[in-house]
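Chain naming follows the written order as A, B, C, D and E, and within any one chain the residues start at number 1.
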């Protein structure tokens, strides 16, 4: 339902791209103008995105703000943008972090500025596109598009082994992507052959139950069509998450990426994987999901423990945080595959939390790296005396990452543990071990860098944070507190979507489909007018009639929307 | 009348000799000649088939004429190329013409 | 049919035999044979021959050969056409003239590019 | 010949043996005819040249005008030492005269001496001649290359260049006749000249043919391949004795062939009043031979470049023109 | 005497007639006109291609046969002719500047390209093995000459020789296959061959042998592994526009007739040749991609990349049916455009001493000219099949067809190959973006037509990627009635 009668999702997606065009017209020398332009466009995007939670209808699992036009009719590809509770906060996180990254690169990046910001803006377009796309084809396109700017951000503005890391990042994720593409094609053609209509619309595709009877056995494990498709998706998403055996690109990419790149990578890009699981694997392939729960659980627990243990022995701050991401994303996966309400809710909120806190941690490291051009933990010590503001913010973020009550991390981890506990004591026990270890390496990191005597003379004259730098961290800190103290606005908006996903996974009757196809829906809205305008904004028409099912449960937003 | 198989066997032998020559000769002109042999083996087949097939429309013979033409054009171009090659390399031994590796 | 051509073979064989009989039988019996090195040297107007005779040949010969190849092949189209020409009439005539015209473009090209110059 | 065949079959010989014997007989007859004809032509040429130069030529051997001169020459060549130069490719050296001679003899297959007096009336007669005549060049190149002599090589190459250059105008000039007749069979061509000899409608073609034919025979004014002043004797510098005689023989045989073909194609073949066909044919042929000899002793040799230019830049376009005009006239007649 | 000619034949063949006329006129002008700049001949050639294109447009959606059914202009041929004409026009645009910078003042270059294009047009319209063969040779012979066009350049001569010898060899093998078909069926018409092959001839070993020889012969023409050995050398040695022609048009033309011959003439053997092409496809893309990684010369790299792409294209043939074949068609169009773009970039860098052939020559391009670097980036991404470029759409459709037909393993290996291919394409981007501009700087060709060609390919690569609908429809419509 497009509550705004306006293609706001497309606007959000392509606004940064417009920024790229403007940047291209600016002269290379006017660095100030370039920075301001980039900031202006990301900020504008953030402002636009604020409308979304405001108008979001949390009483339904339906797709909202839908834009749908036919794009490649002969393949059944549609330009289908939509948003629901799962993506809502991820989108907000994206626009939010984009602004932060532009600000944080303000002074730390001075080389080839124009290209840098152009790639940043393109990256934002790609990320938003991934979250909005409700058509597999479109999804895949944005999925791959996103890689290119990230590749360049690492490869050009990275440190030390940037070429190696950039290519490794690109190849790993692309490899996962193409395998996922095969899964997409398999589903597409199966659906086409079964129903006669070829479509990439994921909700159309979800209507069909894919065969789950084993077709062959490999190493004693039976595999069905669904399992194979699931595995194809799994490979694509697991590399992105990254799940345990596929995580090796992450430390390299994080370590060598510029600060902003790391922030985006940790904050948003990793979420693409978990988002993919929750969007596609769970609801579309429920039997296979059930089938593979043990595997995911084992891998997640390995990731949690292994990630945390590896953190303990890191000497490089960024690498440490990178490995902590592996551990944290293991939590997210664990919660998700508990396949109960708390677990999935927790995993969604934990995605946001991880985005905020790990993003902030990378900022923190970036700030000190700008000053000292080293990230070795042993180079630092006793900074709290020299840089009190810095160390304070660091502490808050660190606690958030550890999951201290009152901060956002607690909410996510708690929900995940509850979810895991409901399924198995053992899993929960392992997860708790992970939390303990997490606290250990975080505190250890903080202690070694902030406390103690200020021994290294190079650190003696380090300036504390300036206003700009504070302004990058403070909003994150605010958000951390907000989620930690009053999480219900966040949780309530995801509730319906989570319920829907779980209903699908457990094969319960679904009260309401998130998006009815044109053919099955009563023709109350204006009909589609075809594709003559090439998918441009002008052709994007509202195609759904206002829902009338949950009339009594509407909140203020709903009332406003009905004007 | 001579049986068709005679022609076919002769053609196969010719083709085999040509192929052998094309693969083992080191002299560019020698290879070109071996190629001609292969073309002629094909021509022999065409003409023989055309003669022996029932209700033949002479397509085989026409084809053979065109093959001859094309082979001639190819030989002309081939010789020109070999000439140019000789000017550049002072040799037409294909083993020595290896600026670029496979 | 086969006999028509068999006689060609007979002619060729008879021609070969004639040479063989004359050169290697009759003449051999009659002629003297006393070779000596001087006699066996190749003739270069009385001088001692310089170098091998398998010299590098001027490129013009190749050029003529290349042009010839094209025209020689063209005749295999001309001859059958000429035979049935009267049955086919105007169309065949125009068609062949087109063919010749295309050929002549190539001919003019060769002419103009100097392939027909004996330099 | 049918009589011979029937007689032989009557003796109980298998069909193919009889046929073989007949063919051998024909071939031998042609061979003997060629040999005699060539001897006559050699003698004749010497006489003609002498008379053109206002002298007598051979007068002694055999009595009347030295008629046996050629025979004496032949015997002389037969008993001359055969020298194969050191360093020559002996096999190719020996094969070369065979190829040249066999090729020129084979060309006799399609010469219609008279009605029915043809070894084999191939339906592709003209094409056969064209193809068999190219074989001579191969022999010449073999000879030149194998001799290990620079003059030979140059002569052979020039010869090859010349024959290929003139072969094309020759073929194209013949096309006009074939178009008119609608057949390549020599007999049919002669029969078509019952009314009017093609020399009249195809005069241009005749001239081109004649010029090209002289060049094909490597005769003055087109004797560049063996230009004495430049190349000693061209491709057969190193040949002596009987091998040289074979080349000589082949050259004159070729001369006869091209003249005979000219007769067939343009001069009405055996057609003629009163006299028997074969006689008419020989008369016309020897007339053309006479013309060729006449030209030889009258004209100076062309330079190589002139020779090539004449062939490519003059005769070839002219031949195409002739063909086009012929075609146009025939088409217009047909409608 | 049956009627041998009617005016309708002329209208069917009108594009070819125009093309040959244009080529001959330009050839004539070349030797008539005084010496000196030959640019205008290039522009004239483009005009000729454009004229042909306009005439061709009249045949949109038309199926008509000419010359007693030996020649046909159907949507299939129409589609490929568009590909060839577009490629030819782009290559001509590229050549103008290239010839100038390489100081080749020879006008034959342009008519040769036109004649090669004419050969391709004949090939795809042929429904008769004879015309097919003539078209093929017409194209090949022109390209032999073009490959050796830089007479003083040793590598060029070498390339020409290698291409000639391999081309002749493959022709002979292909011809032997053709003669086997002819001998068994008594006809050279493709449809007639199909109708003559009966149930008992299907298993005739001679037919199988003929088919295998056809596969081998065509394999050489399209540079499928293991018949590819000569291709990288030819690409490297030949003038760059010729390498582009080879890659974008010649191999595509070979593929087009391969499709037509195998689908129309011997569909009865589909089981067998599908297996052959399955193996060929696997080998071709894997070897192409893996060997490409080791290349430091970009022309060689593109050669191996083109080999790999032929491997991808063969997937469509293996998949067969309308879906697979239309995927092949669409991909050929896309492949031609993007590979031409990449070659145009190589030419853009070919100024003076720098030949633009080493990957290192691209060092720092992003700083020198961000637009050029972005263009190259897009071509490379498209070649690797990364969305939203055209290459993605093509691959998507191809691999989709394979999955649809149940060739999942083939598709899996193909996508793995795509990922591998990204590795070597990225080597170029690394040079362009992540290395600093060398101190002596970088000069770009100032040729205007080349830039036009670049822009056209770039726009097309993006446009097809973003809005592939019409092209897809065209490809689909073009295979209807092929069988």
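Here is the rule we use: a contact is a pair of C-beta atoms (placed from the backbone, for glycine too) under 8 Å apart; a residue touches a chain by one contact, two chains touch by 3 or more.
Please read these numbers as outputs of a predicted model, since none were measured by experiment.
> Counting one step per pair of touching chains, how few steps separate subunit D from subunit E?
The fewest steps needed to get from subunit D to subunit E is 2.
> Which chain has its C-alpha centre closest to the mean of all protein C-alpha atoms shown?
Of all chains shown, the one whose C-alpha centre lies nearest the global C-alpha mean is E.
> Report the chain whose CA-based centre is farthest from the CA-based centre of subunit A.
D
> Starting from the mean Cα coordinates of subunit A and subunit C, work out the distance between those two points in Å.
Going by mean C-alpha positions, subunit A sits 81 Å from subunit C.
> So what's the Cα centroid distance for subunit C and subunit D, whole Å?
Computed from C-alpha means, the inter-chain centre distance equals 14 Å.
> Between subunit C and subunit E, what is the separation of their C-alpha centroids in Å?
40
> Averaged over CA atoms, how far is the centre of subunit B from the centre of subunit D? Could you give it in whole Å?
Subunit B and subunit D have C-alpha centres separated by 32 Å.
> In subunit C, what residues contact two or more other chains?
65, 72, 87
> If a residue has to touch 2 or more other chains to count, which residues of subunit B qualify?
As it turns out, subunit B has residues touching two or more other chains at 73, 80.
> Sort out which chains touch which and give me every pair.
All chain pairs meeting the touch criterion are A-E, B-C, B-E, C-D, C-E.
> Okay, in this complex, where on subunit E does subunit A touch?
Interface residues on the subunit E side: 366-367, 370, 377, 381, 385-388, 392, 396-397, 399-400, 403-404, 408, 411-412, 415-416, 418-419, 422-423, 426, 429-430, 433-434, 466-469, 472-473, 476.
> Looking at the complex, which residues from subunit E come into contact with subunit C?
1, 4-5, 20, 24, 27-28, 31-32
> If we count contacts the way the header does, which residues on subunit C are in touch with subunit B in the complex?
Touching subunit B from subunit C are residues 59, 62, 65-66, 69-70, 72-73, 76-77.
> Would you mind writing out the residues of subunit A in touch with subunit E in their complex?
71-75, 112, 114-115, 137, 140-145, 147-148, 151-152, 155-156, 162-163, 166-167, 170-171, 174-175, 178-179, 181-182, 185-186, 188-189, 192-193, 531, 534-535
> Along subunit C, where are the residues that touch subunit D in the complex?
3-8, 10-16, 18-20, 22-23, 26-28, 30-35, 37, 39-45, 49, 52-55, 57, 60-61, 64-65, 67-68, 71-72, 75, 78-79, 82-87, 89-90, 93, 96-97, 100, 104, 107, 111, 116-118
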